[in-house]
Amino acid sequence: MEKCVCFGEVMMRLCAPEGRRLDQTDSLEMTFGGAEANVAAALTNFGLCSSYVTKLPDNAVAKAFLGQMKAIGTDISHIVLGGERMGVYFVEKAFSVRPAKIIYDRKHSSISAVQPGDIDWDKAFEGATRFHWSGITPALSPEAAHESEAALKAAKRHSLTVSCDINYRSALWTPEETSKVMTPLMEYVDVLIANESEPKLVFGIAPDAKYYSGSRLSAEGYADIARQFTERFPVKAVGFAIREGMEEGKYIWSGLLYNGTERKHYVSSKYDLQIVDRIGGGDAFGAGLIAAMMLGRSAQECVEFAAAASALKHTYAGDFNRATLQEVDALIASRAR
Amino acid sequence: MEKCVCFGEVMMRLCAPEGRRLDQTDSLEMTFGGAEANVAAALTNFGLCSSYVTKLPDNAVAKAFLGQMKAIGTDISHIVLGGERMGVYFVEKAFSVRPAKIIYDRKHSSISAVQPGDIDWDKAFEGATRFHWSGITPALSPEAAHESEAALKAAKRHSLTVSCDINYRSALWTPEETSKVMTPLMEYVDVLIANESEPKLVFGIAPDAKYYSGSRLSAEGYADIARQFTERFPVKAVGFAIREGMEEGKYIWSGLLYNGTERKHYVSSKYDLQIVDRIGGGDAFGAGLIAAMMLGRSAQECVEFAAAASALKHTYAGDFNRATLQEVDALIASRAR
Amino acid sequence: MEKCVCFGEVMMRLCAPEGRRLDQTDSLEMTFGGAEANVAAALTNFGLCSSYVTKLPDNAVAKAFLGQMKAIGTDISHIVLGGERMGVYFVEKAFSVRPAKIIYDRKHSSISAVQPGDIDWDKAFEGATRFHWSGITPALSPEAAHESEAALKAAKRHSLTVSCDINYRSALWTPEETSKVMTPLMEYVDVLIANESEPKLVFGIAPDAKYYSGSRLSAEGYADIARQFTERFPVKAVGFAIREGMEEGKYIWSGLLYNGTERKHYVSSKYDLQIVDRIGGGDAFGAGLIAAMMLGRSAQECVEFAAAASALKHTYAGDFNRATLQEVDALIASRAR
Amino acid sequence: MEKCVCFGEVMMRLCAPEGRRLDQTDSLEMTFGGAEANVAAALTNFGLCSSYVTKLPDNAVAKAFLGQMKAIGTDISHIVLGGERMGVYFVEKAFSVRPAKIIYDRKHSSISAVQPGDIDWDKAFEGATRFHWSGITPALSPEAAHESEAALKAAKRHSLTVSCDINYRSALWTPEETSKVMTPLMEYVDVLIANESEPKLVFGIAPDAKYYSGSRLSAEGYADIARQFTERFPVKAVGFAIREGMEEGKYIWSGLLYNGTERKHYVSSKYDLQIVDRIGGGDAFGAGLIAAMMLGRSAQECVEFAAAASALKHTYAGDFNRATLQEVDALIASRAR
Amino acid sequence: MEKCVCFGEVMMRLCAPEGRRLDQTDSLEMTFGGAEANVAAALTNFGLCSSYVTKLPDNAVAKAFLGQMKAIGTDISHIVLGGERMGVYFVEKAFSVRPAKIIYDRKHSSISAVQPGDIDWDKAFEGATRFHWSGITPALSPEAAHESEAALKAAKRHSLTVSCDINYRSALWTPEETSKVMTPLMEYVDVLIANESEPKLVFGIAPDAKYYSGSRLSAEGYADIARQFTERFPVKAVGFAIREGMEEGKYIWSGLLYNGTERKHYVSSKYDLQIVDRIGGGDAFGAGLIAAMMLGRSAQECVEFAAAASALKHTYAGDFNRATLQEVDALIASRAR
Amino acid sequence: MEKCVCFGEVMMRLCAPEGRRLDQTDSLEMTFGGAEANVAAALTNFGLCSSYVTKLPDNAVAKAFLGQMKAIGTDISHIVLGGERMGVYFVEKAFSVRPAKIIYDRKHSSISAVQPGDIDWDKAFEGATRFHWSGITPALSPEAAHESEAALKAAKRHSLTVSCDINYRSALWTPEETSKVMTPLMEYVDVLIANESEPKLVFGIAPDAKYYSGSRLSAEGYADIARQFTERFPVKAVGFAIREGMEEGKYIWSGLLYNGTERKHYVSSKYDLQIVDRIGGGDAFGAGLIAAMMLGRSAQECVEFAAAASALKHTYAGDFNRATLQEVDALIASRAR
């Protein structure tokens, strides 16, 4: 049975009620989220085996997060306790023409100060078949970047399939810094998850101009980006979550998967969504892709699963995808009719 | 003045807050609902005369429901108190691509164990002109099926106009069981309310294939279903609530009424809806149809009223339609402009 | 630096939770709103200088409103305390096909009984460059109409640029009464804000029939209305907030500004909105127009700013626009791409 | 079977959440209350027959109140619809050493402008055996005072037993005005409900100084006040709700009933209370007294019932006593052990 | 290391907000509770090893409960899924002079229909040192009584220390039925937990009259009850949770432990409590006693721990004691000063 | 007119709902608090002139705090914007026998990294007559300790009366560190606010043993501590907030003021409190003392005012005292009767 280990930062998310700014409320919704924790939780909710690894302070705030992961059933036995604090981020949710406003207070977190040896990767990888990380972790601090590399080296020692979501965060570092740190780490990645803009910003990988009609990039354009990745790095597959329709007040969600071996791309059904909570939608796409791969599904099935799973994610409060395997498959089936 | 008696089961509905699963909340919204109670309440809210008949346990939970019906003004003087319990159902509401998830805990309810003589139908029907029931009631138990038949016989003795919503529930019985029980009961029905799939599932009544373009059934197709009903049973009119646009992320709501005497069908305006609570939408359509008939409106006016009333229902929390006659007519008028 | 003084009535707004009628709730959301207070608050939130003038009772209810204005930073030092009460209005919010239901309880308010001399306009206008009022104030009572005129005379003495939102309210007076009172006051107005129907209702100013296709008025039609205003009154510019798409279940929002000097009109981008709270949307349009003028922007920039600002308003709870200058400009920029 | 008609003003009560001032909240708890409506509702909740008479505006706010009375089951068929508004009062609840802060906005209410003939007292008193009113009603306006007298005259024509709660409100009138209006009305009263201070303030009836130890009035002192009432007016019985223990941070609640015929007083058990909502506690005492009299209980039983019922009232949210007859009797029984 | 297995029924608890009756609310607080689940959760929260065994339906409602137990960390691997439903109980919480009102809807639950062989007790008891049950389980149904006995036999085979809380429930059975079923089961019990009234009601074991002063039973009286238990059954220790002060509006909480070997009793400190949630207070006392025994504490320490732990329980929302070992010990220490 | 400048750290306070632990909730109550901000806000609410000085990050979280201070009316014009973050603290509120649990996340806050010159004390002290600080500020960091000293030196240059609350925080530093830093700063203090334990812990100042009966320190004992302060430092007056009754489940609150010039102490009335929110109670006592001094009241009046004001504080949600001058005086008057 496959098992995926996810590594990264988790933060407390404090969200103003819908339609309110932070100065219009005296009550905040508390959930927890982080790109890789979101993937781990989603995998467990699909009934798959996952483990989440991070470093957290030994206090009641972190305990509340750990309780939620235990309730879901994700393996948390390799989480290390210690350090100063858990990051916090404040959110005014996006709504219609209004973009989300996020205030990060994540500096000095336990994971950003992780020390070599804090995490015993050989132990954490026992029984694992996959490792998932994202570009946020090396962005946090030199220590976290160092630990990411240590994890990747151990992953390769353990012959794990490595997936990575680029997740470029302009609040944490510049494209130049990102490029410098991420480029060598790409050597360890088997499955890459990206969006339209990151490849160019971080790696200078842009699609041919012919793939654009206005500002809209065609499926072939995404495939062109992916192809360049597979040629430049040992990356074998690239997944993209695609959002369209913003100008028309819509939120149309789909995915594309490029298979480097076949040099072929697969596009999913499109979902015209209404939204409860869009944070974690991209992570849910990544988790869907990984899950479908863990289930041994075909490339077309993988991208359909990833798109449907992440479409459902937009309907749940909080960062985590709460959909089950059966529910994702039922959505796919309802579209196939 | 017309008076409609409605008979069936009412349950406590416990609903997770929007966007949450049952394991993401520690607070549930409590309302009450049942196909026939929803019709009775809607009629009263239109200013019409209705009575609701059921059997409920003699406890504070049922008392809370009774208080709500009294506040609305529906006659509850024929409700029988006694028996073990009131059914409960738990709801995770539908949202965008996510379907509703409902967990029923309705077995062993007082109404499902109703005994002959518990309800004095002759008394309940005093002053009444109409009787409304649905296919859920005979599905509950042999006792409830028996009482449904007793009610129908009494209704005919009292020369009431009988309306019935097929309301097939796969969680309660199979199509075969439904067919066996419902077929003889159709002999008592004057006005039938159905959806696209029930006629085929339960009665083997399907439209000619030519009425489909892809999976979409034309108005003539609905009329074809209705025509077959009027030919096979003494049914005089058939109403359909029609939902379209799901694939495009839309919820387009309308209605169709087939008049068996004229052998003619009438279609309503279409409403492109956003939704607060879709549970009870179909019941609101039925109630709208009955209400318009009680008001002596024409066939076209009846289907417009039913569609507009049930469109408004989608904007109120809870199972009940809270719209007034004036508000429904104002919506119809705004569309006629 | 420009400073705009706004004068009018503010009420406590008591709103049923979304999807509920007043008889379905035991909790009301308390905010405060009034056409001119909404403009004043919006201007302050843009970082501009504004003052709000009214008369309020000297009690804890009014104090709660004053605290909110102080938190925003609007100058409230010219608000007069005294009189009987603050008006209240109860709201069931509009949702989808359901229109808003508003119950006003605004009679006998302190401002409606304002006495000559209560407000020292010369002091209130110190340092001001603009005065904003709306047609609601003279509609409240003869006293309030008298005070409106006194304010306008003082505004002209102080050479202020005067803006006025017609804001015809059928619950307060008839078109004939409105016309009689408002016509002489138009002599003081530099910038007029109107909707499609008010000019005809109140001033008998209608566009040529050729500008209509069905019930839809073209941009040229709005310009035609505006032109007539500038010809009949000393009005120099007319702004319109335009809502379209209702029949398709949409809410498409835009604006038009007519420049009387150039005899030219400017139309904004269109925003296909989802809505948290539409009350105050028109006031936010007016505030956006005034703000852009205070910032010295061009006519095209003014109408874009007003439309974008008021589009954002629809995404905030409460009457006030909470958007900052930067956020409005960012939305404009995102559409320009 | 006995039936008690209650007449007076009902207001919407808007209450800040516990521990908050009006400027610390954006949500208000909406209930309805009025001294006499509270009595009517309490009687119905005991299973007794009561009717509530008032005048209310014909709008959705009043409809919400009427729905709540219908849910309880109080007869509202004699309530007259019309007039301008329903009074509102804002509450910051008392807590520990902090007294309640109440802001009344009750002027210009429909009931305060009631006109002769609005209420058909002969019809309202059909089948009634009792009439209950309080000193708040004549305090509202000359019109309401006039209608109070009209009601009392009709009550005597119908040979009703009249109960009256003095309910002196310093915000509405002075002791002198109260005395002038209330003194003649005392001629109609059979059962009087008072507190320690009102008799002296309004009627100059004070106990002999010997009944005081410090500021604490003995039971004999209350009886002395009562005796004077029965000697000066045709009053036959006087009830007092007594609160003690404030200095020690306690809330000790009890009652005393003076029987004028026997010239004897009866004291109840004492209840050391914690409080959910103390508003309506005195009304619940009056209702308890009336209820026990309607049930034909002895004087001692009456005062025990009134004290226990009103003790329970302090544990329910809202003005109304929600206790049933069985629950009050159970509390009495638990103390008798 | 010790491990305690707890067996019994768990129900969904639906609680009206404080101060409200079920017909005053449209929102219910959802938690889960059951006498033995409460013990299991409390033990885990103390950092001790516990397992909870029951039978639950395989649905989302039960899944929500299981998630909460997993979050706490109690072993749920021996819970059996299947059967019809999970019991529900509705609560209006006790407050001041108002007793709690509970409406049970627990019939036909999965555990009440448990079949021999559903639970593999030998597997469930692997590694266990203790078994805890209560008198509620055999009261549910003959099937549950049979399974209780099966569990007790297996417990003895595994040489477990057995604790039992009598937990007599008059809603489930009569004292006679209880006596008949419970008497033989007492043969398996090592540690008994009781209150003042149960021993007499169920087993006819009453203290000598001399131990009463009025209705108050002295510590020696409790010891006298306990002594009789240890003489009649193989019971080795008896614990009592004691509540006093009701008449003075107080809630004074303490405990007493009788050691049958020493024939000696130990009394705890007294806690004068204010209360968030008193449901589960008795279970928390039992859990405290078992925990202290698992920790090898002395008899005096055991009763102090049980009293302090259960005192703290009254301050947490929900049935479960959320206090940690450190927090209980800190409370004990603060009293020892 | 007097004006008091307060300087220190303010944090966001995130509080679990009453009765819940942090892992039992998904909603946190957001308020803001800090020892000195609490004093500044309280003074403004009394109608007095105060200014609050700190350093805060330039983000929406700090903006929400600033809005609340503006709503109250405290001068915030000397607050410096910049730096990394605002401290956060998580609270599980104390209830009955359960102590509060607080998790601080305050490291790396903007104020703890304040740099010389960030704050222009000469400007901040313009028009001021008093300066208030507490021992928390120098505990934060060497930078904050340095700035405290700078402020004190400037205060003396401006001849301000300096008040200081020792506020020893064991989570921030040891008694030894505190002593080392605080001792020289005592040279600047005119009015000291302390509790029973701090003087001994930090300054080795303990009362003579004869003043203790058990663990209870007599008023003379407090005076003995105060006398020693006035002899060792230039302190002229010492105030103590005193809490008693914990063992009996009570919360009895009072104050004591020692006047060094008269060498005399004054004790206040005692308040037996029930509590909404006890955080900030000590700060409210300090603010009450300062306020009464600013109002020129006598020593006895000062301690009565401080005790009554802080008693009221316990009844308001949040850290700030919301009582007005009139409300405090009314409470004092009610006790004087």
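Every chain is named by a letter (A, B, C, D, E and F) in the order it is written, and numbering of its residues begins at 1.
Convention: contacts are C-beta pairs under 8 Å (C-beta built on N, C-alpha and C of every residue); 3 or more make two chains touch, one makes a residue touch a chain.
Computed from a predicted model, the values in this text were never measured in an experiment.
**Student:** Report same or different for the chain B and chain C interface, where same means the shared residue numbers exceed half of all residue numbers found there.
**Tutor:** Counting shared over all numbers used gives less than one half: different.
**Student:** If you tally the C-beta contacts for A-F and for B-D, which one comes out higher?
**Tutor:** When B-D is set beside A-F, the one with more contacts is A-F.
**Student:** How big is the gap, in whole Å, between where the Cα atoms of chain B centre and where those of chain E centre?
**Tutor:** 45
**Student:** Can you work out the whole-Å distance between the CA centroids of chain C and chain E?
**Tutor:** 63
**Student:** Taking each residue of chain A in turn, which ones touch at least two of the other chains?
**Tutor:** 21, 23-24, 26, 67, 71, 250 - these are the residues of chain A that touch more than one other chain.
**Student:** Under the definition above, what is the set of chain D residues touching chain F in their complex?
**Tutor:** Those residues of chain D that touch chain F are 17-21, 23-24, 95-99, 215, 247-250.
**Student:** Quick check: in the complex, which residue numbers of chain B touch chain E?
**Tutor:** 14, 21-23, 25-31, 59-61, 63-64, 67, 84-86, 88, 90, 92, 101, 103, 105, 107-108
**Student:** What does chain F use to touch chain C in their complex?
**Tutor:** 67-68, 70-73
**Student:** Using the touch rule from the top, collect the residues of chain B that touch chain C in their complex.
**Tutor:** Those in contact with chain C are residues 71, 250, 271-277, 308, 311-312, 314-318, 322-323, 327, 330-331, 335, 337.
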